[in-house]
Structure formats: structure tokens, C-alpha cells
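Same chain, two partners: subunit A is paired with subunit B first, then with subunit C.
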Partner chain A sequence: MEMKPRQAGNVAILAIEGRFDANTVPPVQHWLEQATATPGARVLVDLSETTFVDSTALATLVSAMKRCQQSKGEFALCGLRRPVLMIFELTRLDKAFNIFVDADHALAVLNA
Partner chain B sequence: MLVSLLSSQYNRIQAIAEAWIAQGAQAFGVYEHGRPLAYWPSGQRMLPPDLTAAIYQYNEIVGELRLSGLRNEAARRRLQADANLIGYILQLEYELQCITADLVTSQDQQLALYRLTQAMRDLVTIRETLTAVVSEAQRMLKARSGFAAYIPTNGGDPLIVQSAENSLNTEAIWRLYWQLQTEDRPLLLSEEDSDLRRPPGVRNLMLIPIRVRGMVVACLGIMDRADRFGTPELKLGRAIADQASAQIERILLYQEMVEQARLRSEMDLARRVQTDLLPRSLPDVRGLDIYAYSRPALQVGGDFFDFINLPNHPFIFTIGDVSGKGVSAALLMSMTRTALHSKAQFMPSPTPALVMRQSNEDLYNDFTRIGVFATVFVGQYDDAERAITYANAGHAPVIYRPRNGRAELLLADNTAIGILPVNHFQNRSLAIEPGDLLIVATDGFSDARNDQDELFGIERLLVAVDELADQPAQAIADGLFRAIDQFSAGHPQDDDQTLIVLKGAAL
Partner chain C sequence: MSLQHSEVIRLDLPARHAYLHLLSDTIAEILRQTGTADEALVYNVQLAAHEVCTNIVSHAYRNRRDGEGRIVITLALHPQPLRLEIELQDTGESFDPELVPQPNLSEAQIHGYGLFLIRHLMDRVSYTTRPDGNHWHLVKRLA
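On to the complex of A and B.
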């Protein structure tokens, strides 16, 4: 797993490459905790290079989303590949998250 | 030196003197810096010498033989030969003394090293060990001060110990440490060579790497010795550093063992919590063939299943998976299971959606605080209708196979418990006539992996269910476990694998 953080306008973006599971969660969790700490934070997680997510990884994304909501921020995901999207659909997390096709679409909304 | 030789070998030198006198000499004497040390015949005043022969030790005159009464060439040559022999013996005596002194020193050092080894056995921290090593090295090498610096490889805090507080500032010590890391061999720095690596105010310095498992993890520095550091000091320093390496390795090994034991007992506890809470027997429900089994992973996840089977109460079953691993997952699993169980048991007219909705409200705040969620499937059997009503909170895979159809995946209608504060769960219904099959598994099945990192996946699971559908519930479950075991072919089980198989049976 590799993490590629960047900033686009007001939005903090984290791209996660490879397997995102219980073994690789800690650094992502650390990044998300910092990114979502400020009230009104806008955070985008780019999963276009993510090959797999397990339930621990999903839990990490869920708690980041909840923190953002509590502090009137925005949290979104983008670029989910078919197998990853399927995991979101199976667990119905696609209903809970703001999901965009790619980073450009997400940024257009988040930066508006 | 000549004096001590005379006293230890007096008889032999007297024999030389007496031989000279027997040969016609009037007197024979041994002199040092012009002063007589011994002369023969004894008790007489020495006559002026007729012949003298200088005694040399390492090309330096250390004394003289004087002879009176003979002056021929033969006597001169013999007297010089005597002087040369005595000079050579002096030289040997001196070397013997040096060797003896070295031997004593090295014996002392060996003893000190032995004591150091013995003393270090009782030390349980790396700081204690380095403190002992620095003070012993400083004492044995007769140096004014010393230090040791250590950087743990497991990401712990770096450590410096010094014999005297602040004899060197920490910045200088770390500079030396990294210098040693790059050079990867002992360094001797002295006043004579104007080496820039020598910190200001330090006369001479010996720096020795301390290796653990082939890596330099620490350095021992000994400073300001009266004499310069040479090969013997380097050897001794290395021996001390070796002791330190061995002890640090022992300590690390011990710490790792303790940590492993702690993790093991934590995992054992998690596994016990999980397995002890599972139902001990399968329920006997009219019109259903039921089998359930849960196989925990090495790193226990949060899977569970549960049955509520009471007289005058609908048969309800639950299965779920709490995100996370280990003790925390086991604890949250038991919380979730209990919340569902009490709702299902005590609600006046429970339905899966109601059980789910109230459990979500109970658990949402705690789950949010901890940052977890639980996927849950709750099913309720109606034997009059021969149907199962269910609600699915993000749980997968759920597979339904009508007796004359193909296996299909049932998607969840709602997100998992702990995600939304208010979740409007929906009840769905399935026929469960004889031959109809419902299998609720956890993601440990679909996510089983092989060594090529391929997932077992939903498709393979559906195919396996179709192949096994004719069998009784337990045989179907066994067949599914066998299928994922064959697929993963020895690849360790990443997650718990749990399933409930329900098959419609004759009344």
C-alpha cells in the first residue's frame, strides 16, 4: 500500500494505492485524523488505485466521514474500481458515502 | 637493572671474578656510572684498572667491568666477551619483566571482563547495561570519561549515557555516532593527528561500534586517557563492546518474547470470548434443517452468530461481523450480539427490521466513538407461512437458492449498524419450502485469498452452492469450507469465516 497526499484548493486529497486492509490502515488513519481535525475540513480519498478494502479499512473511512460531518466538513470518495465499488455496494456503504467517478468531478463539487 | 642482576646472580658473577683471579688478575669489579657495585677479592680497596669493558643493553652503556693486574690482548678480549654476555642477560631480564607485566595486566583485564559479564547478567534494561559498560571500560582503560549512544531499531527513543554528566554535549556525541555508522569500524582519534572528527576539548578518543544482529545499533566512546590509545586498548575496548552486544541482544530477545506472550494471551482471550459466546448446540426447528459454524482467524475478527429459539416465540437467528481485529473486536462483537439478542427476545412483537433499528440506536454512539461498525443479518422464521422475514444491515454474502433455481446473491437494503444515527431498516421475505436454501456467510468466505493474492470471490461461492445444494445443511457447510480451503491452499486465514445454512425441510 502506498499513500499519496496532495492539496487542491481547500481540499485535502489522499490517494491510496494497492491493498487497503487491517495491515495498512494505521498510516491512513493517522492522515485522516489530522485532515479531519479542523472544523469545516474538506477531505477527498481517491481510491482509483486501490485494489482491495476490508472491513477495518471501511471502518476507518466511516469514522473519518463521521468526524467530518460532526465538524460541518465534507468527506468524499472517488474513483472506486469495480471490485472495490462492489464491496461498498454489498455493505450498502454506497448509500452512506458521497462517491464521485473521479477526482475532477469531486473537486468541482467540493471546491464550489 | 645491573644492581638487581648482581643480587639475583651474585654467585655466578663471583665465579667469573674468582676465575679471573685464579688466572692471575689482582682484582675484578662491576661498576655502574663510575661507582663500584661489587668487587673481588672482597674487603680490599680496588686498584686502578688495567683493562675495562663496557656493558651494553640495547646499544646503551649501563655499566662496566674493571680488571687489575692483567693487560694482555687475550685478557682484554675475554673481559669484553664477559661484559657482552652480561649485557645480553640484562636485556633478556628486561624483556622477561615486560612480558610478566603484560601478563599481569591482561590477567587483570580478563578478570575485569569476567566480572563485567557476570554483573551484566542481572541487568534488564539497555540503559543499565550501557551505564555499566561505560563505567567499566573507563576504569579498565584508565580513561577520564566515557559515553555510549544507542538508537533502537524498533523505533524506540534514542539513548545516551555518560560517565560524567555533560562531559560531551549530545550534539557532539550524535555526530560521532553517525560518523561511526558510516565508517563501520573502530576509530582512534588523538591530539597528534589534527583529525577534525575529534571534538574540541578532547585529547584523545576511542570509538567502538556495538553491533546487534549484524547492525551497528550503539557506540562506546572512551576519552582522555593519559597515554594514547594503542592496539592493546583497542582489543580490550572491542572485548567490552562484544559483551555489551551480547547483553543488548539478550535483553531485546527477552523483550520480544514478553511482547509475543502478551499478544498471544490477548489473542487467546479474544478467541475464547468469541467461541464461548457462540451457541453450543444447533436449534431444532420444525420445517428447517439448520447448521452453523464459525472458524476464527489467527488474528481473531469480530464474527458471531446467534439463535433465539424459545417456546411461543418466533425462531430468530442473527449473524454479524464487527470491523476490526483482536480483543476490541471480540468485545464489540459481544456487545452487538447481546443488543440484538435482548431486542429479539424481549420485544413484544419483534420483526428483524425493528430488532435492527433499535440495536442500531443502542450501539450508534459507542460505535461512533470507537470508530467501528457491524454488518448484521437478522432472520425470523414463520412456520405457518413457511417463509423467512429478514433485514440486512450491510451484510454480505447472503445467498438464496430456490429449490428449482440457481444460487443468487441477495444485496443488503441498509447500511451497517453504527453508520447512520437513524436507519430505516426494511423487512424482506423469502419462501423456505422444502429444498429452498438460504446461506448467510461472512466476508471471510468471499475474501479468502490464495498465495497469488486472488480472492475466492462471490462467483466461485455461487458455483459451489449450486454444486452442493442437494445435500443436507451440514454437508453444504462442510463443502463450502472445503472449497475455500482448497482455493487458499495453505495461505493463512486472514479473517474469521462464519456461516449459517438454513434449508427448508419436510414438516
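On to the complex of A and C.
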């Protein structure tokens, strides 16, 4: 797994490449805790190069989203591959997260 | 490819998250032999088996040092009807899956999706405790 963080305007973006699972969650969790610590933070997780997402990774994303909501921030996901999106649909987490087709579409909303 | 006889692969892994990608790779390879499994089906089987293993690492072996326990996995591709059967065995603490609450899908949960995913991504799931350990049996129909 490789993490590629970047900033685009007011949005902190983390692209995750490879497997996002119980083995690779700790550094992502650490980055998300820092990124969502500021009140009003805008955070985007780009999953376009993420090949595998397990329930531990889902828990990490839900925790980050809830922290963001509590501090009046915004949290979004983008670029989910079809099998990953199907898992979000099965767990109905597609209704809980703001999910965009790609980073450009997400940034157009988050930076508005 | 038309499968004429059963093909069986056995893995014996230290119970550590770091090795679970080997199981995913093996599932992808054995399903590739059928020539019929699409990306989503492969992913679903990989995720279900992975969730069983993370359950074993995090719960069955929770009182052991990292990697001290083992997970013995048998993947069997059977013809007529074409199906993949996965047996996963551990010698850790047992549990009663019926006592694990279902996640509340009307709101985002932090925990509780693992067993839900295992049950929903496979066609058949059973868990039994025997003298030689705990056994998970997963079945996915491929035709």
C-alpha cells in the first residue's frame, strides 16, 4: 500500500494505492486523525487506485467521517472501483458517505 | 477451461494480517482457472475469506502473540456443480456467530461489518468447533 497525500485549495487529499486493509490501516488512520483534527476540515480520500477494502478499512473511514461531521467539516470519497463500490452498497455506506466519481468532481464541490 | 476434476490448494499461514494478501492472490489464481469468474465475484470471495482470517487473528488468537497461531486453509475447486469451497481452521478461542449482532444498516457503523460481509458474499457459510479447532466452511457457486 502506498499513501499519496496532497493539498488542493482547502481540501486535504489522500490517495491510497493498493490494499487498504487490517494490515495497512494504521498509517492511514494516523493521517486521517491529523487531517480531521482541525474544525471545519475538508478531507477527500481518493480510492481510484485502491484494489482492496476490508471491514477494518471501512471502520477507519466511518470514524474519520464522524469526526469530520462533529467538527463541522466535510469528508468525501472518490474513485471507488466497481467491486469496492458494491461493498459500500451492500453495507449501505454509499448512503452515509459523499461519494464522487473522481477527484475533479469532488474538488469542484468541496472547494466551492 | 472445463474443469474435469477437483483442484485443491492448501495454505498454512501464520495468523498475521501481513500474510493475508497471499490468500487473496491464491483465490484469484484458482478462480482464474475456471475462466468464468468476473472481477466482482473474485473480489467478493477474496473479501469473505479475508474477513474470516481477520476475525481469527483479532478474536480467536487475541490472547496469543502476533503470528503465534496459525490458519490452515484448504481451497477446493469442484466441478458439477462448479463451485469453490474454502475451509479455514484455527486453534484459538471459539465463539458463537449467532450471538454476534447484525450491523444496523440504517446508519454508518464503526464495527460489525465483518461477519455480515462473510454471510452475504458467500452462498453458504458454516462455523463449527471440534476437538482439533474451529472450522469455517465457505461455499461459492460459480455456475
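Annotations for the structure displayed:
Heads up, the rule we're going with is that the second predicted complex is superposed on the first by the 112 of 112 C-alpha atoms of A that agree within 3 Å, B and C clash if a C-alpha of one lies under 4 Å from a C-alpha of the other, contacts with A are read in each partner's own complex, and residues count from 1 in each chain.
Just so it is clear, contacts are C-beta pairs under 8 Å (C-beta built on N, C-alpha and C of every residue); 3 or more make two chains touch, one makes a residue touch a chain.
Model, not experiment: these values are computed from the prediction.
Annotation: superposed three-chain arrangement on subunit A; subunit B versus subunit C shows a clash. Of the two partner chains, both subunit B and subunit C are touched by A:Lys66. Contact with neither subunit B nor subunit C is seen for A:Val101 once the two complexes are overlaid on the shared chain. In the superposed pair of complexes, A:Glu89 makes contact with subunit B only, with no contact to subunit C. Legend: residue contacts after superposition of the two complexes on their common chain; A:Ala37 is shown touching neither subunit B nor subunit C.
Overlay on chain A, subunit B versus subunit C, candidates 5-13, 59-67, 203-211 or 455-463: the clashing stretch is 455-463. Within subunit A, the residues touched by subunit B in the first complex and by subunit C in the second are 21-22, 52, 54-56, 58-59, 62-63, 66, 83, 86, 90-93, 96. Looking at the complex, you find that subunit A touches subunit C at residues 19, 21-23, 52, 54-56, 58-59, 62-63, 65-66, 82-84, 86-87, 90-93, 96-97.
Subunit A contributes residues 21-22, 52, 54-56, 58-60, 62-63, 66, 83, 86, 89-93, 95-96 to its touches with subunit B in the complex.
Every residue of subunit C that touches subunit A in the complex is listed here, in rising order: 17-18, 20-21, 24, 39-40, 43-44, 46-47, 50-51, 54, 57-58, 103, 105-111, 113-114, 116-117, 120-121. Of all residues in subunit B, only 299, 301, 321, 323-325, 368, 371-373, 375, 393-397, 411-416, 418-420, 443, 447, 455, 458, 494-495 touch subunit A in the complex they form.
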